[in-house]
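Chain naming follows the written order as A, B, C and D, and within any one chain the residues start at number 1.
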């Protein structure tokens, strides 16, 4: 008896721990390597962004990132724009017990978003001259984007677990990215996505950047609750291919930002070699002394009433923005000096800029985590 | 020296933890998604069935599932139809020590099945208007099926570890599914099976549903005792292909029900994307307050005298039928609101019904369990 | 720059825990299944042999195996033929501390093999009518085989870590298997081997059976000391292919015996489906009350003076020969009733004899060990 | 929508624990096997080198290795040539707490390299007649190599994490290996590298040996800090292919030395079968009583000020140079008698010299670590 249709086929997909970067035939002095990164008209000194978690980015962190030539994204739907004293609300979450934390987050997130606070937070970020980026979900974008842009925000981020250019809903007319891009007049970054076709369709809407990653975040449980997700290396490879494909056809370059799942310099470098133009980290920034949540972190969907898909975690406070990004460090686990690691890695694979870094080789090598390391594992 | 015959070839097969669902290019509002499921003339409001374990389904649970628009299957060969006071027998198992539990189950299962009790249990289920499904093994089907159908059961399930349309035995004439289907006049669901050919042959007998899964159950040890089993994702893909193949040829659609091995919403969604029309869970229902065994569960073959292939486990009582199926929940591990998870997953892959959900992509991605999760694992 | 020679290629190889047996489209009543097994003119009632470890096989165990229609192999180079009171020597090993055990084994193995004891042990086995099998390494075969055969041994086993038909040494004339077979006049079984070509060459020497397995044994550390080994499923598939190839050409059938690495019924069934005609277990028999070493086991090379490749382990005494082989059992982990497991497995894959069992399907399915088993793992 | 460019492809790469050596059809008596190894005009009695770690090689160890017919490499940039009393400096590192160790190493490494000490250390090694090998990084090679060679060193090693024949830097003229080879008049060994092309280019510069390995060392964390590395089996296969390719074209044979990640005889044998002519171990030699650091070990980059990529570990002192290399041993884990293991392995695969050992088969077999070993793992 033969099968006429063929079986459903399953492609393999890889995550950070399963791959490694292979050196090539040329090396370059790290001093010669260039790690600049651009979104629309804005250029940043390094390709490591802070993600829109309440525990990672408040106006202070956004200003500090700006001073260093970087970019932090603030969440318009978190506690910052619901609470006049957002810092107190964040402290309340941090002070809750493990059992109560989800309920506390849920309670504090139940308050309405205040338009006045959006303006105030944007101005707090801009007062230092930093480039201001804010984010919200597709459902609130039509309403909140004009307010934020009017208040002076420079980059608008539309972000949900999975965002596509085609969304079916009962409402007469949902969010159309082409219209949003035409209306807001600032670069629009959209995410998250993980596939070639979906990324290509989003890019064709005229957006200025793509966030890649479904479920990898340290605070996210989408993968067990819904079964949905694509490991970040494969997701980045596919989304980057869409960027390159579109660039070859149109000459417009839309950066790919790998978002979530990285916790050391090795992970960051692997994302860039996979094709990312930049990376976005949440929990790593929550570990900085400048972060507002005393070493805790939680996800954007932790407060969902019926089906939460995020937990509060406690990575602790063990670094500063400067040490995290630029070192120097005495740590040997790659958890500090992320930008230094990028420069050093580029040197070893002979890449003088991020675009050349995309040409380095990745291998599938799960043993990279353990080979020869029995004594380290025993310590 | 060359090999004329070629070596035995081994195909790869995948389980829940090794795969993930990849989002596509369209999303849909979860409110628009339809999760109805049918067996023969009966349609159910959601595709999550309760399996025929004594610890999961008694007449009360079957009635409660019916009230919610769902289906529970009661085992005719367990304690319900051997003991007048079945609840007391179940409590005796629950109260036994770990060492004695197998012997207690064996002792209580040694009593004969009473025809009178079959009728009584069926009537207890039907009194609330629920659709009544009962199960027994092939060896007892010829005798018990007419009794159950006469008493009013609506769906008859024939279930053993491995059931095929062709069975060789010393008896002059064994169970012939074509005859059973012709005789009982109610939909016949048969399992378990895991392969394309075996499923196709069963479907051709005129049965109304197929149970998929050999050995995945939380209480089953067939895989270590006998070495037999196929991980559920591959098993579901193959059996679903047989359904589709037969449907293309004949126009008759026979639903595939993935049975066992799922413990959170992610697993359930993966089974449906792999091709299942519904899923059947045992241990998850044993966790409900409505379940009869105080948070214990055990398998149908735990009481086998010579070669038992099941253990008693203690998942505990930590949910209710409502929270398990529909939420709301504050849990972030996917162990409650299974139907809500299906709706949300369908939204993220752009599927408006289960048939469209079959078209979503599955990837092989073992790292999905660990990528970025060091802090969660440490908690 | 291109590579003219190509890279060294690495084939994948699989072990017991990575594969599973897939049921087919036919089932058969276990009562109809036949598990007989033959070596030369001798036929045994079941295909599970006891291996030539001092801790597993003494004359008593060999007699008891014979009474049940089975076969045990006694080691001529262990303690039985070096010590008049071998049981006392075995007890001395069992009584040693973990630190001293290797030195004690080394000391007790340093005594010479006594020809008189070979005769005595063979006669002790034969006195009950059991078929007597004894083993030694290639280096001692020319000297010891005639003595054992003269004393009445029925089957002679030549066994070392790796044995081939072509061995290069400084001695003028080493062991030639064709000559051995011609001289001893009893069936000669040779091992161990793991590859197609090496097995085919051994079979062509006229031997009566092949032992398959390099390094899988519970007491063996060859794989870490030397890096040498092939997991048993792949080894069995290859060696069985050599048997089939030779049989097609010559009509002579030489049984393949998978030796080592199995600890439950599932492992045994997988070896048989991979192509083995029988299996040989060491540590499992050391667990029987009839075994001489009080629940300890150690390997043939544990006493090597310069580079030992075996350890003493303590599986404990937790079964009897009858329960181990035939049950009944209340254990659910497959560690007892191995022959019953073979019959049940054959029923589920529709095999009426071992030859048909070779046609069952094996799949690569590492998740078979964990799928759905979180509660079992927690216990 | 189709992809014009194709996705980035990822080759698989394997490490020691994932592969095994498959025996062949011929065996040979270990006494007949030859393990000699040559670099340029120098021939050594065994192919196991001691690596240039301060904790593994001081002048004493180099002399002792020479007496046994072997080779140890001394690091010119470690503590030996910065401290008059180097042994005291090494003791200071060993005596530091875990928290302080990196800072202590950093402080002690901050002292300048003294040219006078280079001469003194070389003479200390040469006084016993040993062949003297010393190493430094590419940046210091032009300056230090002439000093060392003038003092009498026989082999010069240029070593960094990744070294290539083409290095881009701001300096007008960096290290050109062709010039170095022409100038120093002693064999130049270069590393580390892991790929075919890079190795081929280095060999074409006229060097006398290649060190293979990026990140496998027990004290190295490059793989987590930078994401860079290739598991050693694949790296060795590729680099050896470059050696063979070049040899076929030119008739000049440049040995490949696998450096790092091996901790037992099995690992060493696997590296040789993968194509290595010799192996270089660091931590294993730090375990010898003759080693200077009391059972501690640390890496060459542990003291890096801004981005250290090595840790101090404590393997302990549990062997001697003689037992480590030649046994006899009562250990069964392969951690002693490495040269004996090579001879025994060669016997089992029928290789009479290292070149024939390259022809043995490697298989991908991760289960080799666990198959049948539940009792060993429980001990």
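Remarks
Here is the rule we go by: a residue touches a chain if its C-beta (ideal position, glycine included) is under 8 Å from a C-beta of that chain, and two chains touch if they have at least 3 such contacts.
Computed from a predicted structure; not experimentally measured.
Looking at the partners of chain A and chain B together, they share no chain.
Farthest chain from chain C (centres taken as the mean of C-alpha atoms): A. Annotation: the chain B:chain C pair of sequence copies touches via predominantly different residues, less than half of the used numbers being shared.
Distance from the chain A centre to the chain C centre is 56 Å, each centre being the mean of its Cα atoms.
For the pair chain A and chain D, the distance between mean C-alpha positions equals 39 Å. Chain B has residues 14, 197, 201 in contact with two or more other chains.
Contact between chains, as defined at the top, is found for A-B, A-D, B-C, C-D. Of all residues in chain C, only 14, 19-29, 31-32, 196-197, 200-201, 233, 237-238, 240-242, 244-245, 248, 264-270, 273-275, 327-334, 337, 340-341, 344-345, 348-350, 352, 361-365, 367-376, 379 touch chain B in the complex they form. Against chain C, in their complex, chain B makes its touches with residues 1, 3-8, 10-18, 98, 102-103, 106, 161-170, 193-195, 197-198, 201, 214-221, 223-232, 234, 260-263, 283, 297, 302, 305-311, 313-315.
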